[in-house]
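Take a look at these structures.
Presented sequentially are two complexes of chain A, the first with chain B as partner and the second with chain C.
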Partner chain A sequence: MPTVIVDGKEIEIGADERLNCIEAARRAGAEIPHYCWHPGLSVVASCRMCLVETGTRDAATGKISMMPKLVPACQTPAKDGTVIVTESQLVKDSRARVEEALLIDHPIDCPICDKAGECLLQDYHFQHGQSERRADLHAFTSRRRDVGPTVTLFVDRCIMCTRCVRFTREVSGTSELMVTSRGAKEEIDVFPGHPLDNKLSGNVVDLCPVGALGDKDFLYQQRVWFMKREANVCGGCSAGCSIHTEHNQDTIYRLKPRENPHVNTWWICDEGRYGWHHIHDAARLVGAGRRANLSTDRSTPLEAVEWADVVPRLRTDLKAAGRLAVAISPMLTVEEAWMLCAVARSIDPQAFLAVGHVPRTGDDETFPGGFTIRAEKCPNRLGVEGVVALFDPSVPSWSQLVEHVRSGHADAAWITGAYPAAWIDDDTAAAFADLKCLVVQDLFDSPLSALATWRLPAAGFAERAGTWVNVAHRAQTFEQAVRPPAGVWPEGRLYWNMLGRRGLYDPTAVRRQVAESSATFAALAGEIPATGVDLRIHQLA
Partner chain B sequence: MKPTDPSVTWIEEKPLGLAERLYLPLFVQGLTTTARHLVSPKLTVSYPEQRPTVGNPLIYRGVHRLNRDQEGRVKCVACFLCATACPAHCIDIVATNSPWPDREKYPESFAIDELRCIFCGMCEEACPVDAIELTSLLDLTGKSREEMIFDKEKLLSVYDMTKDAEPMKSASLGGTL
Partner chain C sequence: MQPFKPVLLEAVGVPDGQTIASYRSRGGYEPLEQVLKQKQPVDVVEMVKASGLRGRGGAGFSTGLKWTFLPKDHPGPIYLCINADESEPGTFNNRILMEDDPHQVIEGIILSAYATRASTAYIYLRYEYPQSWQRLQTAIDEAYAAGYLGKNIKGSSFSLDIYLHRGAAAYICGEETGLIESLEGKRAWPRIKPPFPAIEGLFRKPTVVNNIETMACVAQIARRGVDWFRSIGVPADPNNPRDPGSYGPKLYCLSGHVERPGCYETPLGITARQLIDEFGGGVWKGRKAKAVIPGGISMGLMTEAELDTPLDFAGPGKVGCLGLGTAAVVVIDETVSIVDFLHNSCRFFAHESCGQCTPCREGTSWSLRMLERIKAGKGRLRDLDLLAEIGNTMGMMPGSTICGLADGAAWPIKNAIKKFRGEFEDYIKQTNPQGWMVTDPVPALQIVGSH
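Take a look at the complex of A and B:
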């Protein structure tokens, strides 16, 4: 095994691992500051912040010979016998000088900069910079330049690390950004007539180590230190990207990608990034409603029902109606889907269980960097199919359920939605018009909810807790990030109470139960790492 | 902390000296204080008919004001540092793009809940552009809780009201104009 010596500490790295000195030093617990290097992008070694002393140890004699000058750690491969010194006076002085040079023409408008609080220039200056400014230059303003529909550029804050330029060339493959001019006059810009409008453009804001690139959606909305972040999973498509939901007082302000080598690496698409606004839409359904006497006449008004009363009355109404058909939405978590199936079968042991409508738009879109946006716009089709298969091995689809209802095989239906966008047309909804009891649980009003005899609100993606299984069979668990609006019980809470279970809804208990009772979900039995677990792991072995 | 804690140092009470035991010297000392107050000028004022005088308005911590810049615009840049420093969480700011070409960010709304404020002066201390200051206005009254939430216009009007009597502190303290 190759051995690398970091600040006198020997660490072993894998024989076929290709690490640079930053990564090797990180294994040894030494953090080498860097701006331009990013694990997902090519190496340019232009910022000079990661300069360290390196050398090699002769394997035969054990004699260490050091390089006479500092070298960039990002560009230096760590191999057997590599010696890295990260904290010598020479290295410290070099870092202080780099910081000083970067700050010479930086506007230092931290109070109005959105990056303040998570800015590498601030952090590194605090750790490695010097307290006094020797250059007497203060006349800089922060020129602002529009580079695209989602991103704005503060030209003078830029430190020319070119991460954003490399991102558009290597990952999104669209090459909108470029460097204009040379030397001290270097600036980031877009080609005339080609704004930064690719589907991954928001990532350049995350990549920017300083406040040069700003997200227009988030600009000036909130200071970063007020927000709390919850590890979450994006519900926008079946890729199931790992994200951080950043929120304050139950209001989401932005979504950020969370590093997950098995799913999204470092990126998320703009659709997912800005796909949280429906959570705070004023048009969301709130409060449970029941049409008086379960009348199918649409003119009969909905009567508000207290949530505590929903639990027994919904069961009574569905039981009285007779044959039940249930659509389990692929927006639900595995735990919620399993509980809904159990509730349905406890009401009608012959209940027809089907996977809910699976929204699709276009085709899967893969970018040169390997990132794929899926056409299937729901996060948990595989999970829900796996759950339904436990109850009905034929796994009926949504169209089969519509046919089942249309041909008069059901007297009651329970349709779960939670779709952020419109999903059902009048013709399909008409199939449900003559049912004795129709329960619709959705985020927004739809042609179907207009027919409902029971109308229940649903929770948005950040308001749930549980497990989603993405298109590659990777199951990721997540906690609730924000509370739903007043008058909304997340599905899990309703089903938990309808199953007669006590206390607060505990997804972990349900997950364990699902894992114990099925081979498909056996991998969910233990602790699930932050990057998720592959459900096929046991089936392959 | 327990009495047996090693960091506690116990001190014995001194025995009474001759003067203390005689009683009379201390009696005279006490009466002298009383007599001095009888003849000294009165500090009590009949508020509100009479207004108390503030010793040093520069360091007095009364009602807040939002300063204006030379063009009469609000000086605040909506950096939220006052709201961050505030231990009582009484400052609420909504920031947005400024309507002026020479400024980037400004407060769309700026509200201080004067009832929740503890007048510690941390906001004034934190402000990087010397926009928020505490004046020497000390009588703060209102008929409702809503009235005591001072919005941007009201805080600016406090500045207009007090700017002549109390010029912006920043200039004299070497801050921004």
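Take a look at the complex of A and C:
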């Protein structure tokens, strides 16, 4: 195995691994500061923050010969015998000078900058900068340039790392951003008439190491140090990008990509990134409601039912109605889906179980950098299909369920939704009009909920816990990030209680149970790593 | 020294010397026809290697050796780029070659393309040379018509097209990878190396970049032979195995405060003093020289006492200059303030820095600001230390930048401060009697645009 020597410490790297000195040093616990390098972008080695001393150790004699000059760690491959020195005086002085140079023109307006608290310029200055300003005192300037619908540029804060420019050239392939002028007059700009407007645009804000690029959706909404973050999965499409939900006191402020080499690498799309606002929409359904006498007359008002009463009364109503059909939404987790099927079969052992409506728009869209936005706008079709298959190997679809109800094979139906946007039209909903009991569990009112005899609220993506299986069969387990609004029980809690299980809803216990009872989900038995597990690999093994 | 009869400049002053007829009457294109008939490409590489020719574009890298870095048996295409961006202040020898004897350059290009197995050559010409542009294009057209360019040149299996590309006026387009980026239609941001152009250059194909004067030398080596070339100039130092010597004639561009500025051809190794006195008629108006730029402003400064330094590839380095550079010798007479000189130099590099690397982008601009402030009578002694620090830490040599522009910006700063510190100190103390000793940061001046 190739051995790299970092500050005197020997570490082994994989024989086929192609690491640069930043990555190799990180393995040895040494963090080399860097601005322009990003693992998802081409190497330009221009910021010069990562300069280190390097050398080679002769394999035969063990003699170390050092390069006379500093080299960029980002551009220098770590090979067998590579010696990296990250903390010599030469290196420290060089870092201090780069920090000093970057601050010559910088407005240093951290108190009013959104990036403060998570800014590399700030952090590196404290770690590597010098305490004294030697350059002339600069008059404060703050020019803001609108570069597109989602992003704004604070021109004077830019340190010219060109990450944003490379992103639009290499990953989104849209090339809107560019560098204008030369030398210290250089600025980031867009081409006239071609704003930064692409489906991945928000990523440039994450990439920006400083507060130059601001996300209009987040700008001035929250200081970053007030927020907590929870590892979540985006519910926007079947790609299932790994994200962090950043929130404070049950309010979400932004979503950020969470690095996952198996799924989204470092990126998420704008639809996902800004797709959390429905969570705080005032029109969301809250509280459980039941139409008096289960009347199918829509003018009969819904009566509020306490959650504690929902559990027994729902079961009684559905049992009394007769033949049951249930749609298990692909927005639900594997755990919720499995419990819902179990609840349904405990009410009606012959209950017709189907995968709920699978929303789609357009076609899958792959960008030059390889990132794909999926046409299937739900996170867990594969997971729900896997669960339904355990109960009915034919895995009925939503349209089969509609047909089943329309042709009079059901007396009652329980339709789960949790869709963030409108999903059902009047005609489809009309098929459910004559049922003796119609339970609709959703985020928002719809033509279907208008017909419901039981109307139950649903949880949003960040409000549930459990497991989703993405389009590539990767199962990712996540925790609840924020609590749902008062009056909302997440689906899992209701099903847990309807199954008569004690204590707080425990998704892990359910997950283990699902894993034990099925080959499809066998991989879910143990601890799930943050980047998820591939269900197929474990099935083969 | 015996008088040297110009070779590279032989067409200067010849009526219609730029035409193909004139060039052929002087023996031109004959060597090319012989080479195509009798020699393999590798023979031409060996010939140029044996001649000891070093690139005339500034870095002085052995031309034959550079060609051998190309991958063997490459399926092609291989590109030859001819650097005619000539933007180093004080330099104008490429221009004279292109305007007065373009066929000499073109024959050199054809020979070099043959040697490197390139079938496409680009001449990257700086925008400010309209006359060169016209003369070169006319000459290229003539060469096509005479069968020296195009398919199956003179019945051989060798084909070559030359394209003349006009830049948009930026110094950085002369840096070889900046040139390549610019040719590809991009912003001329020099590339990181490796890969070197010989492995992956223009359009990601193996590429050689050579200077115009280097091409003229190749033509003359083919015509007059390796021995002739090696009989001129300064032989390799036998005590220094790493010195490849400085062979051949060289075009020195003499300008500034001399009686007779101009482009003079002499063997490599003439001293600055000889050049100024024997060719330039001495420093003008009977004055003395205060300082001399040895090879373009990037190379730094020699003092009057250092003028006996031979201007070969090794000479200027021995007195703390960066190197021979483009051999553009600029004389600065005793009446000139060295503060003005450095201000002008800093302004040039701040304007021309491509802006990629933090140390160059900010270092060139910071040094200009300090010089602006010093000139405005608000200098501090501390500024000299800061300037010296910038000069010592900015560039490829300390490892802090991607290309050599930063070294070229650093050298005048560090030479000027080191060699003329007293003058700077006097200037600062006299113009800023109240504040020269301040060490705290002072308010920045409004910078006047350098355009």
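Definition applied: the second predicted complex is superposed on the first by the 541 of 541 C-alpha atoms of A that agree within 3 Å, B and C clash if a C-alpha of one lies under 4 Å from a C-alpha of the other, contacts with A are read in each partner's own complex, and residues count from 1 in each chain.
One rule holds for everything that comes next: a contact is a pair of C-beta atoms (placed from the backbone, for glycine too) under 8 Å apart; a residue touches a chain by one contact, two chains touch by 3 or more.
From a predicted model like this one, the values you see are computed outputs, not experimental measurements.
A.B. asks: Quick check on the superposition: with chain A as the shared anchor, is it clash or fit for chain B versus chain C?
C.D. replies: Here the two partners, once superposed via chain A, fit next to each other without clashing.
A.B. asks: Which partner does A:D136 reach: the first (chain B), the second (chain C), both, or neither?
C.D. replies: second
A.B. asks: Return first, second, both or neither, reflecting whether A:L102 touches chain B, chain C, both chains, or no partner chain.
C.D. replies: A:L102 contacts chain C only, not chain B.
A.B. asks: In the superposed arrangement, does A:L219 touch chain B (first), chain C (second), both or neither?
C.D. replies: A:L219 contacts chain B only, not chain C.
A.B. asks: Thinking of the overlay built on chain A, is A:R502 touched by chain B (first), by chain C (second), by both, or by neither?
C.D. replies: In the superposition, A:R502 touches no partner, neither chain B nor chain C.
A.B. asks: How many degrees apart are chain B and chain C as seen from chain A, counting from C-alpha centres and rounding to the nearest 10?
C.D. replies: It is 90 degrees after superposition, to the nearest 10.
A.B. asks: Touching A:I112, do we find chain B (first), chain C (second), both, or neither?
C.D. replies: first
A.B. asks: Between chain B and chain C, pick out the one touching the greater number of residues of chain A.
C.D. replies: Between chain B and chain C, the winner on chain A residue contacts is C.
A.B. asks: Once chain A of both complexes is superposed, is A:K63 in touch with chain B (first), chain C (second), both, or neither?
C.D. replies: Touch partners of A:K63: none, neither chain B nor chain C.
A.B. asks: Quick one: classify A:R48 as touching chain B (first), chain C (second), both or neither.
C.D. replies: second
A.B. asks: Quote the smallest CA-to-CA distance from chain B to chain C in the superposed model, rounded to whole Å.
C.D. replies: 17
A.B. asks: Would you tell me which residues of chain C are touching chain A in their complex?
C.D. replies: The touching residues are 170, 172, 187, 192, 350-359, 361-366, 369-370, 373, 386, 393, 397-402, 441-445.
A.B. asks: In their shared complex, at which residues does chain A touch chain C?
C.D. replies: Touching chain C: residues 43-49, 51, 69-72, 75, 94, 97-98, 101-102, 104-105, 133-139, 159-160, 179, 181-186 of chain A.
A.B. asks: Which chain B residues qualify as touching chain A in the complex?
C.D. replies: Within the complex, chain B contacts chain A at residues 77-81, 84, 95-97, 102, 104-105, 128-129.
A.B. asks: Can you list the chain A residues touching chain B in their complex?
C.D. replies: Result: residues 109, 111-112, 141-142, 144, 219-221, 223, 225-226 of chain A touch chain B.
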